[in-house]
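Every chain is named by a letter (A, B, C and D) in the order it is written, and numbering of its residues begins at 1.
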Amino acid sequence: MRVGCAAGDGDEEMLNGFTAPRSLLGAAALVPSPPWHFAGDVLAVEFWNDPDVSVDALPAGVELDKESPGRSVALFTDYQFTAQNNEYLDPARYQCRSFSVLLDAIWRGTRIAWCAYCYVDNDAALMRGWIQGYPRKLGTIHQTRTFATASVASAPLVNGARFSACMSAHGRLLVQARVTLREKAERLAGLLDRRIVGRRYFPRLCAGMHDKPAVDELVRCISNHLLITNIWVGESEINFPEAYGEELELLGPLKVGRGYRFSFSHSVTDVEVLADLTVQQSRG
Amino acid sequence: MRVGCAAGDGDEEMLNGFTAPRSLLGAAALVPSPPWHFAGDVLAVEFWNDPDVSVDALPAGVELDKESPGRSVALFTDYQFTAQNNEYLDPARYQCRSFSVLLDAIWRGTRIAWCAYCYVDNDAALMRGWIQGYPRKLGTIHQTRTFATASVASAPLVNGARFSACMSAHGRLLVQARVTLREKAERLAGLLDRRIVGRRYFPRLCAGMHDKPAVDELVRCISNHLLITNIWVGESEINFPEAYGEELELLGPLKVGRGYRFSFSHSVTDVEVLADLTVQQSRG
Amino acid sequence: MRVGCAAGDGDEEMLNGFTAPRSLLGAAALVPSPPWHFAGDVLAVEFWNDPDVSVDALPAGVELDKESPGRSVALFTDYQFTAQNNEYLDPARYQCRSFSVLLDAIWRGTRIAWCAYCYVDNDAALMRGWIQGYPRKLGTIHQTRTFATASVASAPLVNGARFSACMSAHGRLLVQARVTLREKAERLAGLLDRRIVGRRYFPRLCAGMHDKPAVDELVRCISNHLLITNIWVGESEINFPEAYGEELELLGPLKVGRGYRFSFSHSVTDVEVLADLTVQQSRG
Amino acid sequence: MRVGCAAGDGDEEMLNGFTAPRSLLGAAALVPSPPWHFAGDVLAVEFWNDPDVSVDALPAGVELDKESPGRSVALFTDYQFTAQNNEYLDPARYQCRSFSVLLDAIWRGTRIAWCAYCYVDNDAALMRGWIQGYPRKLGTIHQTRTFATASVASAPLVNGARFSACMSAHGRLLVQARVTLREKAERLAGLLDRRIVGRRYFPRLCAGMHDKPAVDELVRCISNHLLITNIWVGESEINFPEAYGEELELLGPLKVGRGYRFSFSHSVTDVEVLADLTVQQSRG
């Protein structure tokens, strides 16, 4: 049996895992270590909200993009995740559906997509998002899927095909969207052409320091090996019903633009810290 | 305001809906009226259980198939449903995942697939199953999906690709399966080549009649417009962990055969009553 | 009237269980055999809807009560269930939350409470409801609980204490309610003083018979050993947000009355068939 | 140590909320600001695991308690939460069920209860746990409840009454427990008599720093206004089935001790950092 001494006195950490719970084998960790690989289908809607309101969704240092004030994108994603241990063979734990709102914004002169809200349907994805700078909460997300055989139930990828998506949290509907496909496209235009920027934020609970987070960083996601295919563009509808305990409706559409449907894959191993807003404390 | 009189006295039913709850507009019914259309992906495993045990899972009049005693198929299905009102555009309510066990059996000399157990993940599908003769309970079902872009997370349809599936109910794991794809096939051999037969069973609650169901019928499902595509065949593994309150493990595998992965669509508007086992009662 | 012969001609049924799936041991059945015992907490709201609308929620033969036209009760219930096998020790499967709307009505001169809608959060309760004549669908139901220790989180049973309840289905909020306790009462007045009447309804799927259900009965629930305690009465609020695919909002309140909070227990072994509306078919 | 300049250079933060997502009104934050108040019911089981194994569940600096090597407590909690905005009136979001394992341990000579694993069933509680130092993951947790009216379904607080509890995650059963009440007690003996110590751990994602967390602190929870009532003590059973992707079974029981059932309330506004294990980085 181990004899203990104070942390930092040369005692070696025996526990493993990228996140808590740290454990002997490291298998219990909520999130496995990067690299993380993702493959999925996306339904997306371009819309414009009120820039006088959405400007208030931005942290200090991030501005709305004056060339496209209020332009935003809502993304519904059905995806499969894997890290180094064949996580895609554990679909109960690692398949995921997500919803995000990205705002056209500017960081120090560079065009970015600010991730204002993000919802996912499992705990590993929730925590992974917090680590990546996506301010995730749990939601229940659905989108119409397309299947390979011809049927009125199949939602084929053809001109006129319709796809719906919705997201709710705690039994309240927060978003509904509809896309009608019009034409196949070679490239995604007006979508995912800006780096996504978010905020890693982890509060302190010590008395008197509740407003002095232990981590407060603006970060730019670094995505590798991005592949996009089966791109369709068309018309769209979206609305954000008002709901107690949420502020998503403040970013709701004044006008709606294109709708998109496509498949993607990419990998993540890194994040770039654009600014460290943490107010340092003497610790320990 | 309506003046009432006894049912059957010429009073006309104002309520609508294929099932309860019957309502003014018929929109509240748990299950919409047929025809029902389905499109989806299937992961399937062929296995043999102990015929001395599985024979006891059959109702009177249904026998095991002596040419393939104990041969069974486990089907994991991810599907989209629609009836006449674009239900596929309401994915939160009408997308479904299911798991079934089908036993090779004989009904009056004809080869059938007896549906011993079936689990689904939403209420409309649960009730639709009871109406079709599938003895459904709620379960949580997952299978590895395939996505269009190349990635270690994509599970492409290629030789060597692996797919997992699992089903749990009330927090207990009831089935785990694995399929490794080996070759593309033109036709499904040894699968879905028998008509599925189930039992419509709806009990009475009147005192003294708890064992005299109001509906007890053996029925053969009639499926129209069946299309199958993207068929892959390979090796498989499956196991049925023991769980309190379930008997699925009694049908567990002594031997495992082929694994399958394919896409399908079909429609349902009818069922054929093979035998009415209901003991009639004077009613009213 | 049954035509044809019995399945197997003398073959004896080896399967057990009150409902499907019938099985060797009878342990797999979705619903265990009665008697069924219930104990729980209720939050209830009395309200009046538009009788010109709610009259259309009634089946032929059931009238609104002219002495209290449109008077209804919304019941939120947190309960524990047990049958003969200590089901209360399997809380993952047998604890339940439910929501019901009961309308003051008349059946052949007798005052009844018509169960127009009912939602529950598990599959055993859903099917048990269909057998009892409650037109259940799955919903997610919550109510503020009361705990034994003093705390702002405890919601004690005292004058001024507030309780909330809500119900959603498929991510759409369908009901929200609030009760503020005012005084302890010796007896429930104006609540549960009418027999609950519902409709057992199980459709046929055979072509041409989709509107000729196999079971269509008006039934009166028979409840034994009803105990009510810890009764508090106060003020209430309730609203039924409109939601696609639901008609609950048609029964929404024009006026709200008393709120109630109490604990109960009772048992069920029987149901009385008031009228058999089934159109008999030759079977075969 | 921070290098670089502040974001926006004097720009003031307009966003509010104790956690992400930070927003204009602060209502969207996943976790509301402390103080946090809790009231609930607990089912607890005392057990002994293998100290040669459980020693490896401890971080550097924490030792097993040599006076009670391997002694642990499993706690199942049903509770209601509120902060400053009547969160207890939003039960869909803020009621919670949790499961924790606490190990008898020593920190610098002081007896502590080390929180090795913790599971909860909602996102606000999950994140609140990470902030408090509990390594939470999502789980589905149930315990037999007690109701006020006499019934075989009520599970009254009497000698011989039985209570069950279970926890599963992602459809795998991780813990099952049973307590049989024997006698009412005035005080909790052998339970909650040590301060709970956990670890706040928030990783970095920057390349090369995946093993250098941004936050790594051993913390002691500070609980105020703790009230305990309705204490019953009896016999217990517990087991931890093995499950892929979990390590809980490594802490499973060699021997089982007392079972407990009680109600509690307490408040949290603070945490004490016992040791800051964070390896500081130049940031910026």
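The criterion applied here is as follows: contacts are C-beta pairs under 8 Å (C-beta built on N, C-alpha and C of every residue); 3 or more make two chains touch, one makes a residue touch a chain.
Treat the numbers as computed from the prediction; the structure is a model and nothing was measured.
Enquirer: Quick one: which chains contact chain A and chain B both?
Expert: The shared contacts of chain A and chain B, listed by label, come to C, D.
Enquirer: More C-beta contacts across A-D or across B-D?
Expert: A-D
Enquirer: Taking all residue numbers used at the chain A/chain C interface, answer same if over half belong to both copies and different if under half do.
Expert: Shared-number fraction above one half, so same.
Enquirer: What whole-number Å value describes the gap between the mean CA coordinates of chain C and chain D?
Expert: 36
Enquirer: Quick one: chain B and chain D, Cα centre-to-centre, how many Å?
Expert: Computed from C-alpha means, the inter-chain centre distance equals 40 Å.
Enquirer: Taking each chain's centre as its mean C-alpha position, how far apart are chain A and chain D in Å?
Expert: Chain A and chain D have C-alpha centres separated by 27 Å.
Enquirer: Which positions in chain A touch two or more other chains at once?
Expert: 90, 92, 140, 142, 166, 168, 171
Enquirer: Enumerate the contact residues on chain A facing chain D in the complex.
Expert: 1-9, 11-15, 18-25, 27-28, 30-31, 33-34, 53, 56-61, 90, 92-93, 116-118, 122-123, 126-127, 130-132, 135-138, 170-171, 199-203, 205-207, 210, 214-215, 217-219, 244-248, 250, 268-278, 280, 283-284
Enquirer: Spell out the residues on chain D that touch chain C in their complex, using ranges where they run on.
Expert: On the chain D side, the touching residues are 37-41, 78-82, 86, 88-92, 95, 140, 142-145, 147-155, 162-166, 168, 178, 225, 227-230, 263-267.
Enquirer: For chain C, which residues are in contact with chain A within the complex?
Expert: Against chain A, the touching part of chain C is residues 140, 142, 166-168, 171-173, 243.
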